[in-house]
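For reference, the structure is listed below as structure tokens.
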Amino acid sequence: MKLSTHCNKKIITKCWVIFFWIMTWQVVHYIVGKDILVPSFYATMGKVFELLGQANFYYDIGMTFYRVFMGVVISFVLGSLSALMAYFLPIIKELFTPFVTTLKSTPVMAVIILALLWFTKNNVPIFVCFLMCYPVVYTSILKGLQEVNKDLLEMAYIFKVKQRYILKDLYLPQVRPYIESALGMIIGLSWKVVIAAEVLAVPKYSMGYNLLSAKSYLETETLFAWVVIIVILSSLCEMLVAKLIGRGGNKI
Amino acid sequence: GCATKPVEPLEVAALNGPTGIGMVQMLEEMEGAENPKYNIALYQSPDEIVGKVVSGELDIACVPSNLGAVLYNKTEGGIKLLGMNTLGVLYIVENGQTVQNIEDLKGKTILSSGKDSTPEFVLNYILNEAGLVPGEDVTVEFMGNHSDIASKLMAEEGTIALLPQPFVTTVLAKNENIRMAIDVNEAWNNLNQMDLPMGIIIANANVVKDNAKGIEAFLKDYEASVKFIDENLEDAAALVEKFGIVPNAALAKVAIPKCNIVYRDSSASKDSLNKFYEILEQANPKAVGGKLPDEAFYTLQ
Amino acid sequence: MIEIKNLSKIYKDEFLYRNFNCAFEENKVNVILGSSGSGKTTLFRMMLGLEKYEAGQILGFNHKKIAVVFQEDRLVEWMNVYDNVAFVLKSSVEKQEMDKLINKALELVELIDYVNYSVKDLSGGMQRRVVLARAIVCRDSILFMDEPFKGLDDELRLRIITRLKVHWRENRTTVFLITHSQQEGMLLGDIIYKLAEKPVKFYKI
Amino acid sequence: MKLSTHCNKKIITKCWVIFFWIMTWQVVHYIVGKDILVPSFYATMGKVFELLGQANFYYDIGMTFYRVFMGVVISFVLGSLSALMAYFLPIIKELFTPFVTTLKSTPVMAVIILALLWFTKNNVPIFVCFLMCYPVVYTSILKGLQEVNKDLLEMAYIFKVKQRYILKDLYLPQVRPYIESALGMIIGLSWKVVIAAEVLAVPKYSMGYNLLSAKSYLETETLFAWVVIIVILSSLCEMLVAKLIGRGGNKI
Amino acid sequence: MIEIKNLSKIYKDEFLYRNFNCAFEENKVNVILGSSGSGKTTLFRMMLGLEKYEAGQILGFNHKKIAVVFQEDRLVEWMNVYDNVAFVLKSSVEKQEMDKLINKALELVELIDYVNYSVKDLSGGMQRRVVLARAIVCRDSILFMDEPFKGLDDELRLRIITRLKVHWRENRTTVFLITHSQQEGMLLGDIIYKLAEKPVKFYKI
């Protein structure tokens, strides 16, 4: 009983918040006063539902989702592995630091032609996503590892606890906030980057392509509808991951 | 009272390509002028121009021809056609010797940029007319921008690509194995007995109404500038380099004549433009903003 | 025999230990007394290999199993009582035997009713007892204990000490015990050492 | 004496690392075998020095640097302020969460027309940089605030320590690793993003414009030279910031 | 008078306090004894307003200044000794007076030579003494102390206790002192309370 009232209250707050932002949107719409620059919320939602009725829509989403998923997984796995290696082996850290700095600041545009050569069109967005997300994961997790409580590590070392338990029971829970913050950052980032890269590489089935054509034809409502869909999908992903992480272990 | 007020300069936008080349003389004249008649800015992408046309910040703009129709429809008649300034500049180029005419493209892959814009529609049209079905007989691979295609063309033998000027000139200068296989504009001309309109000049409808004199003067100057380029290739090339449209004058000298820079006023452009829009509309109504522009687009009153 | 030879340790340009020599007996309870800040914990840390020293040798610990009660608790906050104790065992002991050992240790410190409590939900003294249990659960280990009974009330402390005494006698455990209480030292110690301050000297009592 | 040998050793390691990556580059150059795709290290360095000799070069760099600087400062200041507000006022957090999620996943390309309308050419890159960096700062710092030691806060509360000391002496040192990791991430990101946005918006003086024209004219060596310069500048920035932070307070 | 009326506190569906009543005297040293886990720290936390309770009232603390020695140290690790003590003072006291007060407090706990040491470089007992100094430096405050002398050796503890006793008598300080040592209670306390376990009952001794 008590729990459910609490839940209800939370949902009501959420509704108010969403209402607030929709109102802000409408106000901006009226101020700008041009449908082709800022369409109304109502028109945008209309377009969203129109899109939902199309068969191709799901295929486009599926393909883009696949790329986002691969991009996130690859950059997360490689990012955490290399952060781990860099943490445990100073020489690897020395080697990786300039590499990651380079990755962090190399403009995507400059390597896109190499990317197009190395990968097929469908995979270029995955590569670009990796390029953007990997340094974020690496930086964040390495920082997390460096902040791990040294007292507990000493304790485990003295008791000759096996490395695998130390990793699982001591490192993981303490690095988790950093992992969460990294994931929180790259999930949003990856949607954005994959779609931007789709605009550059133009794979046949992709949300980026739809966005591009909406823009070329000045169909601002469709453009906004896609943005709404992207934002919703990315929030869903984030919520899903938060759930999975929350279940995967106890909170620190 | 009107005469004493200093005249507000017209805000003019052109793209950093052939449309910009057409204006180099005006750019040169405006530079350092006391009371410039025009504020000319060169933009890299149509995106920027679109926003500013819609908001009314720009008075005159040079845009790809299909974008003119889109803007006309989306602003509900807020713009008008001033004239046509660029004709076809598209070529199919090849790193190799296999393609001599359109039929040779059967079974091949063509790289192209400009998904959802003029290059795609034109290419599809001439392929169809030659009895080739895009997607079945010929694979068209779209890429984000010209320079990626150019790089790939130079790096890999056997690549076939659809490229506009002045990229074609740049690529040809860099690698002697690359050659122009098909002149797409010629093909279009043969099919339609009409020019292929690539770029047009548009103006804000309010400005056309309120400042008819200014617009008229602008068009005169533009025409003069085009003539200057035609007649003084050497000087024009130097200016093109100066304003950073093409990196060096030598290259510009080769590229300028291929860019098909012209000036046709609105009534002279109407037929070829309308034909072009019809073809686009058949392919995809969105490409002209939903419907063909009506008569008002072409008339300046 | 555990021997320390010519040990020197400098903190902030001052000798804490200078050519320090001593020998501890195995299978005995070695109690170390000394005032606050005299260098007891530092000695432990050097013996455990956690602290570097400028010169000297510490002999006799090769490949021996070791269990420690640190001066601070060093509990794993996000685990419950059972898991905290199990953490140091599961690398070497089977699950079934582990259960038995942990139960015994928790009984000894009177915490058997709290196995599933998160350590954050325990009182300070109870947390200290978990730390104690985590050390004594390790059989065949040399025990290092830095004020293990800190924060326990007199009666409870006496009960635990009595049990430990029997236990250690039986198993002939080697124990190093730092304490501030003479009484504890008397009750548990086979040999008692007293530290005099900087640079440290040792007196056997 | 001892310190200087230590320093020397570090520098020697650094040199080896850089040498290693240059070798890798050369190997890739030979494998790809085409100057126009991957030019040699030697040719690239030649171009770098050629660029260093040009007067315009410094103006371009200056302008881009100004944009990066503004982008970083604005997103850092707003990001930390809003994270602070979100931490202390739950209602603000509720309001901001959907906003930040939206920012995190809105493709830049979709708002570029709007951006071009709202800002002048010169400032669009700053806005785009903000769009990318702000969510990173917000997410990271909010996470850091949430991980602050509650025991110390209780202690300060009981002793009625003034809020400003609590912020300065308790929050700041504990949130610092998160701040550092956020800064580490956005400094690289901002260079990359500003330059990418410059390619879209093409302000007159900008590195992005140079990159673009190098690419348009297929001058791959110049392109690589610019990438090298960007990477060096971004590393310098990062080092500078690390120094400033390191000096600004004691390590936790 | 500080009064607790009908206090009830539940942990994990069990009453720790149930309709608990008691009154403490001001300007006196109130010592609270009780075995480990009996609820002493919880009582403190409720009096300090750090812990919620299910029913009842705690009266007499309105707008009074308070200083605490928590059971755990709660030192600010990244500060030195001086700054740790200064941290609780600088919101209310001028820089110059602060210096004097801090010096006095550090002299009392015999740490005056360590003012500039980072607290990480101190031994456990020394850290505890910094915590003690941080509390007693606050004049005119009600003192809450949860095992303040934990981890100090007997001699040092006696010296500090003697000094505190004089000090508290003079200033008529209100003190709440949790301890496990009867001796400490006897030495310092004006009134001694003993807690009996769940649900807590109080006995004055």
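The letters A, B, C, D and E name the chains in turn, as written, and every chain counts its residues from 1.
Throughout what follows, contacts are C-beta pairs under 8 Å (C-beta built on N, C-alpha and C of every residue); 3 or more make two chains touch, one makes a residue touch a chain.
No experiment lies behind these values; they were computed from the predicted model shown.
Listed by label, the chains that touch chain A and also chain D are B.
Taking each chain's centre as the mean of its C-alpha atoms, the one that lies farthest from the centre of chain E is B. At the far end from chain C, in terms of centres built from Cα atoms, lies B.
Centre-to-centre spacing of chain C and chain E amounts to 28 Å, using the average Cα coordinate of each chain. Distance from the chain B centre to the chain D centre is 37 Å, each centre being the mean of its Cα atoms. Computed from the mean C-alpha positions, the centre of chain B lies at a distance of 84 Å from the centre of chain C.
Distance between chain D and chain E, defined via averaged C-alpha coordinates, is recorded as 48 Å.
Among the residues of chain B, those in touch with two or more other chains are 47, 50-51, 54-55, 147, 151, 155. The set of chain E residues that touch two or more partner chains comprises 72.
Annotation for chain D: residues 37, 113-114, 117, 199, 212, 215 touch two or more other chains. Each chain pair that touches appears in this list: A-B, A-C, A-D, B-D, C-E, D-E.
Within the complex formed with chain E, the chain D residues making contact are 151-152, 154-156, 158-162, 165, 169-170, 173, 250-252.
Across the complex, chain B meets chain D through its residues 16, 43-45, 47-48, 50-52, 54-55, 146-147, 150-151, 154-155, 167, 170-171, 174, 244, 247.
Against chain B, the residues of chain D that register as touching in their complex are 34, 36-37, 112-114, 116-117, 121, 199-202, 209, 212-213, 215-218, 220.
Residues 48, 50, 65-68, 70, 72, 74, 76-79, 83, 87-88, 90-92, 138 of chain E touch chain D in their complex. Here chain E touches chain C in the complex through residues 11-12, 33-37, 40-42, 71-72, 121-126, 129, 146-147, 150-157, 180-182, going by the rule given at the top.
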